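Some structures to go through are shown next.
Shared between the two complexes below is subunit A, which pairs with subunit B and subunit C, respectively.
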Partner chain A sequence: MLKNDRPWFHGFKIFTFVWMIFVIIGSIKVAPEATGFVSTSRVVFFHVPVAWVAVLAFLVSAVFSIRYLRKKQMEDDIWASSSAALGFLFAILATVTGSMWAKHEWGSYWNWDPRETSIVILLLIYAAYFALRSAIDSQETKAQLSAVYSILAFVTVPFLIFVVPRVIFTLHPQNPIFTNEPKQRMTPSIRWVFFASLFGFTLVYYWILRLKVDIERIKQRMTEMEDKS
Partner chain B sequence: MTSRSTLLHKAWYVFQKDLHQEFRTRYAINAIFLFAVTTLIVVSFSIGPAGLSAQVLSPLLWIIIFFSAMSGLSHIFVREEEQQTSDTLRLVAPANAIFLGKWLFNAVLLIGLEILIVPLYLIFMNLEVKNPGGFAAIILLGSLGVSTVATIIAAIISRASARGALFAVLSFPITLPILVSAIHGTGMAIAGRPMVEMMGDYQILFAFLVVIFTASVLLFEFIWII
Partner chain C sequence: MKQDVLLWIFLIIWIGVGAYLFYLDRQVRSLKKRFLFHEAKSEK
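Entry: the complex of A and B
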């Protein structure tokens, strides 16, 4: 029943799989090394998309939280919490890949760069969100309170992105895509692979999100059946 | 016009009720003041003679303020749940009035604490503030923000178990923009920089206060009435 209602999803899975293979090949074979860096610059094809997905998952979670507060459908809570769980995973991936790159280029795994600070805050918010969920027994209360917290946290994030870099000096590469400096600009092939990777990781995110939502739905249905019997 | 005035009136009644209740037991006042004084003494005892710069002293002050707030400000809603008075409160006042009243109580408590703790800190640390006006303004704005976040998070955690640990965990990420700007601004005020240089910090603190206060008022109804 869960599978048959969306036959296009099979096509989507195959498409994502093939697309990601091309992204991986492209990032290693097609894109040239960035000037001034050794091969480490290739981390941009994985680190940035993963960080992008972490923020996107957070946005999706906040949108479904707002929907939950408006309509009070448990379905929306499943989407919000599943997306938050994925966001947590991708935020960890972004932290680890960034930290490894920082060790190579800046000489240390961690130096409280503003971007590092904001990803840590994102991790803390996700962790707090799940700590809150695990501390409440009733399903409705859990859904409602975590939705409120998710929105509150989402209101805070823009301040973190604008405030922290203003106060602390950053070494993190700033915006190499839209910059006007010709030297810092991405070359066309790097740019193509970069955007392909961004798109690919977004598809992967959607794929895992659907899986996670299905699992949560089945779990919920099982608890409902247990309650009845 | 009349509806607004009754809202504010009811908020004022909620505030007075909490004030009376607080002075009956003095739970929150004891917790927050003793915690702050203890932390202050620990900090000044361990690093006092070192003669640290403003860059270190201003974060320490805000760490003391933040954790003191975390030690006592959740009591305002936890008390209602523990004594099972929240249902009665739901009947007698609208959600907005309750939030405003409770927020006012927490803000007054935190600012009252700072009136005691900040001069003590300056004395213990042998610290001279070169721009006292800017210093006071940044502490006032920062603590209004902290008490807003603390009030809304207190309302959330009063419904959960393991409240004490959750309160700080949930509050910290949301308080962080306040802490970053307040620490930065306080350091500048201690060093005696002119107001113009601190304008950015004031703007961020004020903007964040407005945003988080509005969001809290809008969202409180969803926490309070489930």
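Entry: the complex of A and C
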């Protein structure tokens, strides 16, 4: 029942912890400062991975919502809602870290830049998801309606995260991985630390997701047990 | 001031994520104990 009781999960926790220690050391000691920034470019090792995890979490939520609608198993609803909650949390972290970076590079914490505006809209869309869940008592109705909402909410994610900031003029730095501009391209050491950080944060996301799913499973089993007795 | 940016962002993310992981881990343990207790009680 408790998946983190499995031996591999303990190994996974240790591996993730050690990996992230290396990422932290790499981001401070190995990766040099990128040209054009004054001691703020290293933010990319933390800000971008949390934003990536937010998008991944919303995608996972939508996938499990589709599964729920097809199979009608509460287990899928648990995965979908837990992942959406994590997506929301990581989106807030991306907003806060981006805002701090903006203060130092652009002069103010908030500029209503397309990227800032689109993440606020995304946060509002997913805040409504939790409002919807908390407003319904019946477990089945809650799971069904929120599954439909989660799928519809995810449709807006690619548009708000990838399309809007590329169509409208933005101050936000453009993708430094696939750019054709040699000056803006990441150096190999920066790229290594960046991808290591992306991978590490994905592991952290999975770690938290498993814990959240376990909590919901136990709560559900306890409710079932109480109902029987 | 700019030199502090990385440190601040680093602290916000790691203290936040670390504290949340710790909280969830404790919650799983305490819920598991309660669940096993209830299960044993209902079996009796």
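Quick notes on this structure:
Assume the second predicted complex is superposed on the first by the 219 of 229 C-alpha atoms of A that agree within 3 Å, B and C clash if a C-alpha of one lies under 4 Å from a C-alpha of the other, contacts with A are read in each partner's own complex, and residues count from 1 in each chain.
Everything below uses one rule, namely that contacts are C-beta pairs under 8 Å (C-beta built on N, C-alpha and C of every residue); 3 or more make two chains touch, one makes a residue touch a chain.
Since the structure is predicted, the reported quantities are computational estimates derived from the model, not experimental observations.
Judged by the touch definition given at the top, the superposed model places A:97 against subunit C, while subunit B stays out of reach. Using the contact criterion defined above for the overlaid structures, shared-chain residue A:156 touches subunit B, although it does not reach subunit C. In the superposition on chain A, A:211 makes contact with subunit C only, while subunit B stays out of contact range.
Of the two partner chains placed around the shared chain by superposition, subunit B is the only one that A:128 touches, whereas subunit C remains out of contact.
Looking at the shared chain after the overlay, A:203 reaches neither subunit B nor subunit C.
When the two complexes are overlaid on their common chain A, residue A:219 makes contact with subunit C while staying clear of subunit B. With both structures placed on the common chain, the touch criterion links A:66 to neither subunit B nor subunit C.
Overlaid on A, the two complexes show subunit B and subunit C touching no common residue of subunit A. Residues of subunit C touching subunit A in their complex: 1-3, 5-6, 8-10, 12-14, 16-17, 20-21, 24-25, 27-28, 31-32, 34-35, 38-39, 42. Across the complex, subunit A is touched by residues 152, 156-157, 159-162, 166, 169-170, 172-174, 176-177, 180-181, 184, 200, 204, 207-208, 211-212, 215-216, 219, 222-223, 226 of subunit B. On the subunit A side of its complex with subunit C, the touching residues are 2, 4, 24, 27-28, 38-40, 42-43, 46-47, 50, 89, 93, 96-97, 100-101, 104, 204, 207-208, 211-212, 214-215, 218-219, 221-222, 225-226, 228-229. Touching subunit B in their complex are the following residues of subunit A: 69, 121, 124-125, 127-128, 131-132, 135-137, 140-141, 144-145, 147-149, 151-153, 155-156, 159-160, 163-164, 166-167.
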